[in-house]
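In the two assemblies presented below, chain A is common to both, partnered first by chain B and then by chain C.
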Partner chain A sequence: MDKMIYAILSVKKKSGKLDALLATLKGISGASLYAVVYEGIIAVVSDIEKSDLITDRSNAIEYASIIESLVQQFPLLPMCYGSLMESTDAIAEMLGRNYTELRQNLKKVENMREYGLKIFCDPEKLKSEFQAISKNDINILIEPSTEVKNSVYREYVRNKLKEHRLEESIMTYVNSVIAEISGCLARLNAVCKFKKMPSATIMVDAVFLLRKDKKDELLKVVNDLKNQYQKLNFVLTGPWPPYNFVDTRIK
Partner chain B sequence: MHNNVVDRSKDVTILELLDRVLNKGVVLTGDVVVSVADIDLVYLGVKLMLCSVETMNQLKSGKSLEKESNI
Partner chain C sequence: MMNENKILFDTGSLGELSKELGKLTDKEKSKLKLNPDNAESGLAKLVMTLVELIRKLVEKQAMRRVDGGSLTDDEIERLGETLMKLENKMDELKKHFNLTEEDLNINLGPLGDLM
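Up next, the complex of A and B:
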């Protein structure tokens, strides 16, 4: 039977608090949760048969709910779903091998929460808006250099330049939005990560890590941004455990 | 209108949750690779203004997600 690891926690003092919490929770397939301890860092685990490790919506939500319950009381590093090891000894050895890095990451996320912000756009409207702006630039740039005014080659170059200018304009706009968000969140000492145009409709995909007592201020910032960029849709979710801010691969 | 926004809120939250749990977090090198069954992580036609949403407790209890504030 394998061991499923849900999260790695930091517990300051030996107290019954964690055990009491684990007693109230059930893992995947209703398994009991227990702690594997190594010098103040703890892996929360349950026993699991590999055949029970089905990645469906229900199990994934169940898994995430355990992490969510734990993060309310302890700083933790959430594990990616499907984190299995063969025994508690192997887990303890793993915690020992990676102790320093785990400690550093746990310190980084203590009292912090993650939020996600996706900014959606209408790609056709965005293109139309920037096409109008860049049209004039293209006309100025392409001067007739020969007697043949409607050369197919000239048309090809014109279209290519138009596409390039359009992409450039849109990316400049996206960068300006990101700069605005970063500027506003700097006041909250938030750590920010951005992805630009991950899809045609998602203009910005951002995650922030900030102190858990800064939630209301974050809401105000995002509300102000939404009013500033009324053509864009802002989707803010959270608070989450720090899934996107645990930059480590465990050996 | 309110129910539609709440339902969309729940959909978006589930998408965000699944994306995190399946793709993010600490990774064990040499993990078992699990196959994904019936999980669609694609945002399709999301056109909504959403407030911050509560996460697991509401999903598990089946309660409507409460809007904390309108964004």
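Up next, the complex of A and C:
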């Protein structure tokens, strides 16, 4: 039977707190959860048959719920769904091999929570707003300087250049929004990661790691941003376990 | 616990958010469905996606050069002809393999859309 790892966490003092919590939780397929300990870092695991490891919505939610319950009480590094090892000895060895990196990451996420901010835009409205700016000087660049007649190819380049200018203008705007958010969150000592325009409607997809007592300040920042950028829509979610802020690969 | 409300702030885009999350779970469009009956079209989708990505990158780089103002009239003319022919050829191939522009813009999960 394999061992499924849910999270790696640190427990400062030997106490019954973790055991008591694990006794109230059930793993995938209703299996009991238990701890594999190595020098103060702990892997929370359950036994599982490989054939029971089904990747579906219900198991994914169950898995996330367990991590969510653990993160309420301990600093932890969430593991990917489906992280299996063949024995508790192999897990202890893995903890030993990766000890320094795991410790560093656990220290980084201690008392921290992750938040996600998605900023939505209406792509058509955004394009029409920036259309005027992007037209500047295009004719100067594309008009033939000699007696060459305007051709279909030249017209094609002119249209493509308009599109290119439009994209560049929008990207400049996106960068300015990101700079504004970074500035506001720097005051909260947040660690930020941004993705620009990951889809047509999401202008910015950001994740932040910040101290758990800063939630209200974060809400105020997002509220101020909304007032500043009234045409954009904001969705802030969290607090989450630090899914996007673990910088280690298990060796 | 997961029953805790995770939406802290929303200004009316929950519908959009749920659509985007739907894209992550609805992998059907992004999947490369290869089986003995559709090997040709499955492979065509993969190859066309890569070609379209490269074509768009080339086009972007070309527009940067035009925008820089360093191209002569003749160079702009030839560039336009080349890019136009490339785009037309891609449209022809898409029609041939029954693919739309959306089919080629595959969703890369957490990384977002390819193009």
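Methods note: the second predicted complex is superposed on the first by the 238 of 251 C-alpha atoms of A that agree within 3 Å, B and C clash if a C-alpha of one lies under 4 Å from a C-alpha of the other, contacts with A are read in each partner's own complex, and residues count from 1 in each chain.
In the analysis below, a contact is a pair of C-beta atoms (placed from the backbone, for glycine too) under 8 Å apart; a residue touches a chain by one contact, two chains touch by 3 or more.
Being a predicted model, the structure only gives us computed values, none of them experimental.
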First (chain B), second (chain C), both or neither touched by A:202: both
Which of chain B and chain C A:50 touches, first, second, both or neither: first
Partner chain(s) touched by A:234 [first = chain B, second = chain C, both, neither]: both
Chain B versus chain C as contact partner of A:182, first or second or both or neither: neither
Touching partner for A:82 - first (chain B), second (chain C), both, neither: first
Touched partner set for A:156, first chain B, second chain C, both or neither: second
Which superposed partner A:29 touches (first chain B, second chain C, both, neither): neither
First (chain B), second (chain C), both or neither touched by A:223: both
Which superposed partner A:120 touches (first chain B, second chain C, both, neither): both
Overlap of the chain B and chain C footprints on chain A, listed as residue numbers: 57, 61, 64-65, 68-69, 115, 118, 120, 199, 201-202, 215, 219, 222-223, 226, 233-238, 240
Complex interface listing, chain A residues touching chain C: 57, 61, 64-65, 68-69, 72, 115, 118, 120, 141-142, 144-146, 148, 151-157, 160-161, 163-165, 195, 197-202, 205, 215, 219, 222-223, 226, 233-238, 240
Touching residues (chain side chain A, partner chain B) in the complex: 5, 8, 50, 53-57, 60-61, 63-65, 67-69, 77-85, 94, 115-116, 118, 120, 199, 201-202, 215, 219, 222-223, 226, 233-240, 243-244, 246, 248-251
For the chain B and chain A complex, residues of the former touching the latter: 12-14, 16-18, 20-29, 31-39, 43, 46-53, 55-57, 59-60, 68-71
Chain A-facing residues of chain C, complex: 1-2, 4, 6-14, 16-17, 19-20, 23, 25, 59-60, 62-64, 66-67, 69, 73, 76-81, 83-84, 107, 111-113
